[in-house]
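Both of the next two complexes hold chain A, though its partner changes from chain B to chain C.
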Partner chain A sequence: MKLFGYSMREILLLKLFKLGDFLIFFIFITIIILALNYYFHLPKGDYLEISHGNEIKHYSLFQNKILIFDEIEVEINMGKARIKKSNCANQYCIMQGWISKINHSVVCIPNLFKISIKSKMLSYDSTNY
Partner chain B sequence: MTAQTINIHQISKFCAIAIILHSAEFFFPTPIFGIKPGIANIIILFTYLKFNFKSAVYVSLIRVFISSLIIGTFITPTFFISLSGAILSLIFLFLCQFLSHKFFSIYTFSMLMGLGHILGQFIIVRMFIIPDDGVFILFPIFILFTFIFSLINAFIVSRLISPSN
Partner chain C sequence: MLAKRLSKLLFKYFSIFLLLLINSCSNSNFYEHKVLIYGTILEFKFYDTNLDQANQAIDQIVDKLNDLNKKFHPWEKSLISEFNQTHQINNCDQEFIKIIKIAKNYENVTHSQFNPAIGKLIEIWGFHEDIIKGQVPDEEDINKILATQPSLNQLLITDHSISTDNASLKIDLGGMIKGLALDIAKQTYQDMGIKNVLTNFGGNIYAHGKPDKRLWEVAIQNPHNNKLLLAKLKMQPGSAIGTSGDYEKYFIHNHQKYSHLINPKNGQAFSSYSSATVLINPNENDIGIKSDVFSKPLYFSENLVETSKSLQLNHFFTTDHKNQIFISKSFADEIIWLFNEGDFIVEVI
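Right after this comes the complex of A and B.
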């Protein structure tokens, strides 16, 4: 099989690539694997941050509770949370479903409402300086 | 014509190609928002190999400014993301000059440029546009596509440099 005039053997056997390229390949693939590993194993959060209007409130995630704000119902179920009911037109916030991983969040723009999962360990959050 | 005018003529020719590619890419449909092949980088890498680093800087920056004027994103967040990506990828290209050409080919150059591009974009987005750690969720997807597209781009550059097999 020929690809752009090169045989597959030439492509594979250093005709195009030089030795250092494989080093960069290796580093790049390591970064990709580490990033994907982090992506699929995100740490779970510790508490739920709800910002409603100008207020910010914190709730523990490890409880079963339904919180009622003016137009919105938020459900917390042992480590995960969701927006259960809302009066907005498109209902996108409800379609987002459950969130449980750190830094994930659900917003309801018409109601200026946001829930997000946070961790107690804020080691790499530059806004906390 | 003196050597300098020939050089300016060549640089403007490559600028024009880069602007066309960059503008065409903007209107190109992508399955995931924000993932683009970065075909204008082919021209920047080609300019660097054919002339020197200074010409590549000219082509890259002129491309960012002019194509943003054409598309209509001048001084919008899109423009600043594009500019920071281009600047960081040029810094990476500058650092690539010190690598031995015996061991490192244009594949390394292309991959490091792509990495610089993605890092520059992420820095600007995290600092000014979406100041939330949530943006790093996208990082694995972006770095994966950077790897794939920079390999394809480098292959195209290698074909452009030696078209006669």
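Right after this comes the complex of A and C.
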């Protein structure tokens, strides 16, 4: 494996890295680990937001339901959701599988279609009572 | 050479990452402030507003509301409490007379389903005290007051005085004062050129402008559990929302819940509904007052379709004691329900 024309052995032998460089590597790796840890421990969501063209619709996640939007089929199964069928060529959206945690999304770009998990406790400015 | 290039590259991306991180955490465009006015919380959430200008607006609004309190507090020392004792006052200013006339107009618009002249009924139910004792009045006392048909139409109003011959008429503007406060806030923002602020006075909310490219978002409390939310909605710039319910000020006697909202038609302190919410669309007059006043006729309504038609209301819903929600079609299209599956049954009317 070569980096900027140098092999890893050459890089290590030539002592091209200084303490500051390792510090930056360390900070980056720490941030990546923290971010991944945060990503995998996100709380579960409460409802599903579906963006279809210019329309945005919301559905409770706590139900068993199949939703059909033209050529796309979305399945909700007690707390999780997935795109089950789609007419897109690569089927990447189906390969994404189930999502259940806040802010997780599946996008089907050819159909301008997106499903996202949202939480009821997030994002409101004030309470009416 | 390589290390330098790598360091530069890493430093560049690290700086961009840090900037994005700082930017994502930043909330500096918002300024929130809370004030307690006669036991009610007044909340402001300004967006992209000069801090001095926002504080100046808050001071102006608070001053005006304190002035209103001095005039309209129904049982503490005020012009209205003086009227409620003597049934005549002669030292009213123009603003006082204007507000009495507005209240009278809305009593007529709602066919007396909102009636600010039933202060005496509210008093005998024990809600004209700082600490609610929880007393159920005699039916006879209620009927005596109802027999006089108290109404602001029984007032003789001149430029500086109000009087009445009906000894059972006591004025209580509690059913519209929060809405009036929102209209005062709206006028203040317009006069000062403030563009984007959300104002919440005791649960009644007025959305002025919008924060950046999104709309103000408001959650609605679950009337059966104040720790849960019932719904969420996006408020168009210039709209206002109000809810009347039996869960904020009430007492329980012999397993029956009695709310501070008194039905002007029968003098009773309960309804088949636990809450009624109305959303008033932008560009209407007295938007704050309507958001406050119009929820009362719905709360006591026996026919929601007829009541909403008579008030020309398109956006409303009620919840009842059997966990049923009755919602207008226009509102159903805009609202996002947040309750757990099975907690409520929604019926579009």
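Convention: the second predicted complex is superposed on the first by the 82 of 129 C-alpha atoms of A that agree within 3 Å, B and C clash if a C-alpha of one lies under 4 Å from a C-alpha of the other, contacts with A are read in each partner's own complex, and residues count from 1 in each chain.
We take it that contacts are C-beta pairs under 8 Å (C-beta built on N, C-alpha and C of every residue); 3 or more make two chains touch, one makes a residue touch a chain.
Predicted, not measured: the structure shown is a model, and the values here were computed from it.
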Quick check on the superposed pair: does A:Ile24 touch chain B, chain C, both, or neither? Answer first, second, both or neither. both
Applying the touch criterion given at the start, work out whether A:Ser60 contacts chain B, chain C, both or neither, answering first, second, both or neither. second
In the superposed view, which residues of chain A touch chain B and also chain C? 4, 6, 16-18, 20-21, 24-25, 28, 31, 124-125, 127
The answer for chain A against chain C in the complex is residues 3-4, 6, 11, 14, 16-18, 20-21, 24-25, 27-28, 31, 46-47, 58, 60, 62-63, 120-121, 123-129
Which of the residues in chain A end up touching chain B in this complex? 4-6, 16-21, 24-25, 28-29, 31-32, 35-36, 38-39, 103-105, 116, 124-125, 127
As the complex stands, chain B meets chain A at residues 99-100, 102-105, 107-108, 111-112, 115, 131-134, 136-137, 139-140, 143-144, 147, 155, 158-159, 165
State the interface residues of chain C toward chain A in the complex, per the touch definition above. 2-3, 5-7, 10-11, 14, 17, 43, 45, 198, 200, 203-205, 211, 216-221, 226, 229, 232, 241-243, 245, 247-248, 277, 336-338, 340-341
